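You will see two complexes here that share chain A, one where it goes with chain B and one where it goes with chain C.
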Partner chain A sequence: MLRRALRLGLGPGLLGRGLGTHREGSTLAWDGKVSEIKKKIQSILPGGAWSPLCDTSHLPPEHSDVVIVGGGVLGLSVAYWLKRLEKQQGAIRVLVVERDHTYSQASTVLSVGGIRQQFSLPENIQLSLFSVEFLRNINEYLAVVDDPPLDLQFNPSGYLFLASEEGATIMENNVKVQRPTHFSRQEGAKVCLMSPEQLQKKFPWINTEGVALASYGLENEGWFDPWCLLQGLRRKVQSMGVLFCHGEVTRFVSSSNHMETTSGEKVTLRRIHEVHVKVDRSQEYQPVECAIVVIAAGAWSGQIAELAGIGKGPPGTLQGTRLPVEPRKRYVYLWHCPQGPGLEAPLVADPSGAYFRREGLGNNYLGGYSPTEEEEPDPGNLEVDHDFFQEKVWPHLARRVPAFETLKVRRAWAGYYDYNTFDQNGVVGPHPLVVNMYFATGFSGHGLQQAPAVGRAVAEVMLEGRFQTIDLSPFLFSRFYLGEKAQEHCII
Partner chain B sequence: MLKFIIPTIMLMPLTWLSKNNLIWINSTTHSLLISFTSLLLLTQSNDNNLNYSLTFFSDPLSTPLLILTMWLLPLMLMASQSHLLKEPLARKKLYITMLITLQVFLIMTFTATELILFYIMFEATLVPTLIIITRWGNQTERLNAGLYFLFYTLLGSLPLLVALTYLQNTTGTLNFLLMQYWTQPLSTSWSNTFMWLACMMAFMVKMPLYGLHLWLPKAHVEAPIAGSMVLAAVLLKLGGYGMLRITPMLNPLTEHMAYPFLMLSLWGMIMTSSICLRQTDLKSLIAYSSISHMALVITAILIQTPWSYMGATTLMIAHGLTSSMLFCLANSNYERIHSRTMILARGLQIFLPLMATWWLLASLTNLALPPTINLIGELFVMMSMFSWSNLTIILMGTNIVITTLYSLYMLITTQYGKHTYHVNNLTPSFTREHTLMALHIIPLLLLSLNPKIILGPLY
Partner chain C sequence: MAAPRASLRLVAPVWNGGTSGIRGLSRAVDPEGSPRKGRTLLRFLADRFYDVEAVREYLLQKQVLKVLQKNRSFTYIKERYGPYVAGAYFILKQGGAVKFQDKEWMRPNGRGLSGELWKLREVPVEAVDASGCAINYQGLDNLLALKELQSLSLQCCPHVDDWCLSRLHQLANSLRELSLAGCPRISERGLACLHHLQNLRRLDISDLPAVSNPGLTQILVEEMLPNCEVLGADWAQGLKLGPEEQTRDTASSPIPA
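After this line comes the complex of A and B, so read on.
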């Protein structure tokens, strides 16, 4: 008090200058102490969240209506749409549990970031169409007060699929599904089919040997920055009141009910009551009481589903049907080629399976190649195999684009696909036996581009009981038991 | 009166010394038997009071409240069985002991002759309630809720102690029977104004009045089911009972001093009813509906006419049973879905049809459907308020409409409409839950056949 009076009273006088540095240190400490005391008083008064017994601020809350396991782009998208579609603000309490806040192994941020509508299933096309509309208007969807707008760096350069003789018919059929017809009220993709001569004229750097047909997406296809989308979603979702928790789900506490179907078969329905979330680098865990659990854990969804008891039963029954999502490692290489394709280059997908796209404005390119089943790398770690590029990727690239014979690999990384071994398409919606568990996973490499639309679909099922805007019934879990594959007809 | 208090106190050794599997059965049955004996109080030999001793008495105002309190203990025990299943044995017994202690204090509050005994017991009921809310509530916010509850009530009732001591010194006695005849009319001076405020504020906070109601949504929502039931059904009525007892001593000052509180109550009725329409949490909706009904009781007591007193007492009993039943229904939902959000548990009529009947009956009594006693209470209050001032009919009418709106909104959202996937395997209703609801609604419906027993001393 005396020191403060001296400071205010004397100012830059003798006494002030003499005790200069010593005074400054002590007044700063004094201000700090006052603000600390103020904070303590504020937290003790009713309204604060202080508990005198023990500090539990690092733990998730004891209760949450919805627990989303996995904080990648799909989990955040489900959280966003839940908060957006709830009828009144603050109605549902959502908790997102994410094991790694640096996202060092998450598929979202290691992805190449492409988005296309050239699928063969109409549901996939509609999902991508809505997602691209979301991305184009991202600053209306994800606006947060006082925060700068997002720059997704969306390059709408399109996708170019090349087909050999064998794949040409499939490609034509796919394009028929993709284009809008006047029977369906859905919008379609704008895709243009090109012959090898047209291809050579448009993209002179391509070697059209072995190419019978090419389909080029003219609009709404390209690539964007996934990290920016993730941060934008995270920021928006936090502003809407979703709680984040840094932890790992270790256990589900559930209860069973033995019931009979109308035909007299016995079936056991389960319901999850609690999720045990373990704090990072500690044995401490918090049981979170919840009404609904959403699995959006990407490549590790299979493990989480096993924790919930999905797949524990005699094989061939619904109880014994596992969630067939497992991690698969894919490499992405970044190279520099000064004579390479120019700014108009789309994401080119060779019939052999190799693909590449332009990255930035300095003649850098990103690309990779999906290995065959026998050559699958071990998904235990994310180490990059450079020989894979030399032996498998480069020959195909050099054959297709002669300029790529003189390229120099700058960097490489590896990421996981949440690979659905059944039919390589996503699993969306509720589980038939564990009644309050929903899935939003298993997209096998095209999850990022469909995330906004899938989030909306899952939120609709949770809130309304059925899919309202896009009907994703072919992607339900029950198809694994019924054997109905929702397979993409690839051209490879 | 000792014939109720001593058996209730003896329920405590009963719980502690029972065998493990007989705790619930013993305590519930014996408390039910004790509650039947309370019906003896209904026979009043003369128009005055039924005096038992110098310390305890009962009259047609305290009798229905006492019967309600004693009826509620077995119901609370039945409702708590499920969420205490996993607790260790000593904690279960402790919980039951808390409820029994609360019951003893409440019996003594409602039958106290001396106002100081009333005050001591009034404050003493806070302690077991606080312990129940903060120890057995469901979420972290319960500590906050307990704090709000404790401090609001304590700060409101401290001036009451001062006022009671002052009254004891001036009139020489605080015995309720004598005070009616020995009080002097209060003139409008500053000190008398403060004494009026000191006497009434404790009960206003307890009722609660609209501006002082912040503790109620927190306490009701965070409390476990027995806590919510006793809070809504009985503890709120302590405020009304206190006001009804102390206003005869504060004449004629009440006619001037009551205006701000009347305005607050009338406006607060509509405000809290409107908040109910926007609530997403089921228990929070029922808590706000309690505030709205109690605001009616406050207005009735403050205008001090015979009909309004009758309406106030009827409304207190009716609301006690209805609100307690609604909390039990909300708890049965919560035990199955583990969430109190209304939109996550919809379309339940298909899965739990008999529970839907109870939901329907509870919602209908909540919106004061004729010929239930809820309607009698509201109608009496409306009529006396209309004769006090014609304009209040607009506010009261709006309140009735909004009450209907939110009661039906609650019913429709939880019972009708399309259900979601995650309500597919709800555990079917237990017989215990059906008994609980039946034991709530049967007295309510039977009372509509003979409402004169709850119409209070002015009938």
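After this line comes the complex of A and C, so read on.
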């Protein structure tokens, strides 16, 4: 009332017409503000819409700059590097959405935990080299004031790859790529090639029948505790201000933009505006308005990509290219063998595909075998098939290490590989059509060991627009459409 | 967290007047009880004020940088005087002792390094005593260039950990004697990569607090290096005595359970 009276009083009658339009404009804005304030007051008073008993603190925030779908080691690594590389502290709001806070099915914690540089693609080697440097200095990277230092339980015992006659030339070529002379910096992988005689002398418990060549990683290779890395990342990332949300992504709300390329082709670019996050065990969901979405959902990235509409289009076009990442179940068995290899045993990878490593001091060993395409188990659940060990894994192990003929399986578990059916290498970087979506997934069993470096690469692409330290252009999404495989020959 | 809250420190804190320098580092890694009150107040403040947290992080960074500075590589000396002199210079700077072939042990005297060092360009280094020095993974570069090194002592080095041990394979041809006693960060996982050192004849792995099972580790290391004499834990350490032996041995030295 007072407002209205004042306005009438100060109207054209008092100050002249010249200022009339200006004043009208400002009174309108002032009017709008007043009505907003009035609405708020009305809602707070009894009978209004706002209820103090209704608590929304369990829901994720309504706005976030970056939403990372998936809270495993890759998602947390991207979050860490985003917060570390941002120009101003606190500039970027990051939300990590994780469906399962116990990580009961996450590939990270069920993994064997190995890290190696013995790859065939130089990009993979560089990723592993940086990741091992990150792990070595983990207490400098992930230091949180007043928290105890992390102990990754790293075993620097190395990887031993055995090759038969057919694989020997490939192995030699790979080692040439891995050695320092290939890189401009002094570093490279320290790998030595061994003949069967040298192998027998060094590791007398190996049966070198059928082995033509062996490559042994001397430094920076081994295995570690992935749970510790995950918790360290989580702790650090929380201290840097990243928000966590326990929920599931159910929907992406996006808008399309029809554009034409220079050659006249019609392209539909899409931009995601909102991510609907459904709270666990409830129908409640929160639409989170976001600027960028990162898919780091591991084995379920294919499903999330479908939700975002990737792959919905005529086959053979860029729109119709799906993200070819699907879950594949892999078994890991833990057995005890009293006469088995001693403390010096590395992670041995047989040419048949079986692998094993020492676990602890009590003559226990972990190992497994990647099945062929026809024998792939059903990835619906994580039940272990013990017959698989008897029929497929044990014969190869016993053949390679005669002491393993008498062993007793103590435990076994199964985990998922986020298997890239195209070329078994990761998918990193932006999607060509969905403008604000980035991928960090599909590493098919070597995601854990490359996670720190991949996180940094994705953060660089998001912040600077291109890869700066390690060039991962062979791992972009567009290769699925163009058909350019970045095939890795050294896959366990 | 259930684990004891040992704070992240590299050197003993400045206000803890007693432990100064590097020698007190091994103790600083264990959880300490005495500066409890001061630490709690700082923690309280750091939890509530960004400025205090930033200051503490800055101080932590400074400590890290101090160790890195000590372990920088002396490329100029290496180019001018050769790898042996560079390695010896590095060790002497850190406070250790060096023995060149056919010469006496050289220790850093108070007034600086002796002038003779610069004349020993072609003489290989035979033995290095780096006990208590702040050598870390980077600093080990200087040592690994000494290809005729026969005896290396890394006793009570606070920054030597499993990663450093994995680099020692480069000295496999010449190394005969290695001592790792008292290093707080070495565990049995690092000891597993000593199997490259086939010429090793004497290995001292006593008093390693991070090794979970000293007796069992001793046995496994002995099996791994059959030609080497391994000093360390007694294999019975860690075993529980039977009831009749317990009553008999009440007067003898305590066995950790």
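One rule holds for everything that comes next: the second predicted complex is superposed on the first by the 434 of 492 C-alpha atoms of A that agree within 3 Å, B and C clash if a C-alpha of one lies under 4 Å from a C-alpha of the other, contacts with A are read in each partner's own complex, and residues count from 1 in each chain.
Basically, contacts are C-beta pairs under 8 Å (C-beta built on N, C-alpha and C of every residue); 3 or more make two chains touch, one makes a residue touch a chain.
What you see is a predicted model; the values in this text were computed from it and never measured.
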Report clash or fit for the pair chain B and chain C bound to chain A in the combined superposed model.
fit
Is A:F154 touching the first partner chain B, the second partner chain C, both, or neither of them?
second
Looking at A:E375 after the superposition, I want to know if it touches chain B, chain C, both of them or none. Which is it: first, second, both, neither?
neither
State whether A:D471 touches chain B only (first), chain C only (second), both chains, or neither.
neither
In the superposed arrangement, does A:V461 touch chain B (first), chain C (second), both or neither?
first
Go through the superposed model and pick first if A:M259 touches only chain B, second if only chain C, both, or neither.
first
Per-residue touch tally on chain A - higher for chain B or for chain C:
B
Applying the document's definition of touch, where does A:E484 land relative to chain B and chain C: first, second, both, or neither?
neither
Touched partner set for A:D100, first chain B, second chain C, both or neither:
neither
If you take every C-alpha pair with one atom in chain B and one in chain C, what is the shortest distance in Å after superposing?
16
Going by the contact definition given at the top, which residues of chain A touch chain B in one complex and chain C in the other?
none
Which part of chain A faces chain C closely enough to touch in the complex?
136, 139-140, 143-149, 153-158, 218-220, 222, 342-344, 358, 361-362
For the chain A and chain B complex, residues of the former touching the latter
46-49, 51, 56, 61-63, 65, 86-88, 90-93, 257, 259, 269-271, 273, 289-292, 430, 435-436, 438, 461-466
Considering only the defined contacts, which chain C positions touch chain A in the complex?
1, 3-8, 43, 46, 53, 56-57, 60, 64, 137, 162-163, 165-167, 169, 187-193, 195-196, 212-213, 216-217, 220-221, 223-224
Chain B to chain A touching residues, read off their complex
138-140, 143-144, 147-148, 151, 278, 280, 337-339, 341-345, 347, 418-425, 427
